[in-house]
Amino acid sequence: MLTVKLFAKARDLVGSPTVQLAWSDGQVVAHLKQVLGEQYPALVPLIPRLFVAVNNDYAADSTAISQADEVACFPPVSGG
Amino acid sequence: MLTVKLFAKARDLVGSPTVQLAWSDGQVVAHLKQVLGEQYPALVPLIPRLFVAVNNDYAADSTAISQADEVACFPPVSGG
Amino acid sequence: MISLTHEPINYQALTESVRSPNSGAVVLFLGTVRELTGGRRTVALDYEGYPAMAEAKLAELEAEACLRWPIDRVGIIHRLGHLELGDISVAVAVSCPHREQAFEAGKFLIDELKVRVPIWKKENWDDGSTEWVHPGGEMSKPE
Amino acid sequence: MISLTHEPINYQALTESVRSPNSGAVVLFLGTVRELTGGRRTVALDYEGYPAMAEAKLAELEAEACLRWPIDRVGIIHRLGHLELGDISVAVAVSCPHREQAFEAGKFLIDELKVRVPIWKKENWDDGSTEWVHPGGEMSKPE
């Protein structure tokens, strides 16, 4: 299983601050977005703008994720 | 008579915060610089860089001065 | 000095922490909660952060700024939680030998904070509605 | 709020005086007494002003800045007299709706203050000598 933290509008749309997904180590960020969209249809409109962070850094669609990684998904930031 | 305030190095070179000069209303800033150089030779090296303010504003060499004006002479500013 | 806080920001302490006789210039930027945005009226903002990553990204910003300018010291505090009109949401302080450097570095830090540090704000409009602010629509990764 | 003072500058009060819910951005600039200048060591600075003209020129600067940027409020304090290492010689605070404006206006105000406002500093070097600072050698009238 992979634990994914969700923030801001992504969390509100899913209705939970974390989700758990079936996961095989080595699957990539693009796959994570696809799975999230399938399991949480409310998230679909946000997915084109969703950022995925792996171990506290922004990750590209091709980045591989393992179950031990800290993974978070969130929309464009708006601090300041 | 015209009273002229002096600041910073101009005051130090003359040795006084004000000087009084014989003056005819309508004589101009360029004339003031010339008279200052004649009466206070120590000021001569500074005169090419000397600013003259008339009534709290920078004045051009061609600006006429009357005895009622507030007149000040000083080197380039260095505040901040 | 980098931190996230739920308390009001003490920008004087932050500013004092960057002052030093090696620097002739200190620039402090404060972001404050503004009432009007595009004709709509804000009554409050709620800020949420991803703390571990936000602190990592702030430290990364500080390191990048120190490579680009001869920075003496940097301090950044971002507030999280519920903020009212006029409250300070973020404070960035930087000291440098000369003022041009301090202005450039201060502007860089707040500009990059706004595109890179995982913090989000939710508008509380005066009609009672709320709305997450997610600027742009860019799909690219901020770098 | 424009003033000259012989007392230490209270930049927190100055900053508070420019904050408002109309503004999302405050920029504060502090000029402080730096120890090293071109390899020479300063132990103190003495600032002298021409007060009436300095206040007139500061008011002129504020008016010019308000024509160029959508400024909410401006505050400028310049200290005169004997300052030690690390002391604050000048504080400029400005608030604007957006940060780009506040940075630009703040930089304009301190840049122009330094070429236009009749205040002078005298260096006290660590070898016991003193020296008036009269930058440049320009013979043109500052505008």
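The letters A, B, C and D name the chains in turn, as written, and every chain counts its residues from 1.
Methods note: contacts are C-beta pairs under 8 Å (C-beta built on N, C-alpha and C of every residue); 3 or more make two chains touch, one makes a residue touch a chain.
Remember, it's a predicted structure, so these values are computed and weren't measured experimentally.
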| item | value |
| --- | --- |
| Least step count from chain A to chain D, where 1 means the two chains touch | 2 |
| Whole-Å gap separating chain C and chain D, where each centre is the average of the chain's CA atoms | 24 |
| Euclidean distance of C-alpha centroids - chain B vs chain C, Å | 49 |
| Contacts with 2+ other chains: residues of chain D | 31, 110 |
| Interchain contacts (touch definition) - all pairs | A-C, B-D, C-D |
| Residue ranges of chain B in contact with chain D within the complex | 5, 7-9, 12, 48-49, 51, 53, 56-60, 70, 72, 74-80 |
| Chain B contact footprint on chain D (complex, rising order) | 31, 47-50, 52-54, 56-57, 78, 89-90, 110, 113-122, 132-139, 141-143 |
| Touch list for chain D against partner chain C, complex | 11-12, 15, 19-36, 85-86, 95, 97, 99, 102-103, 106-107, 110 |
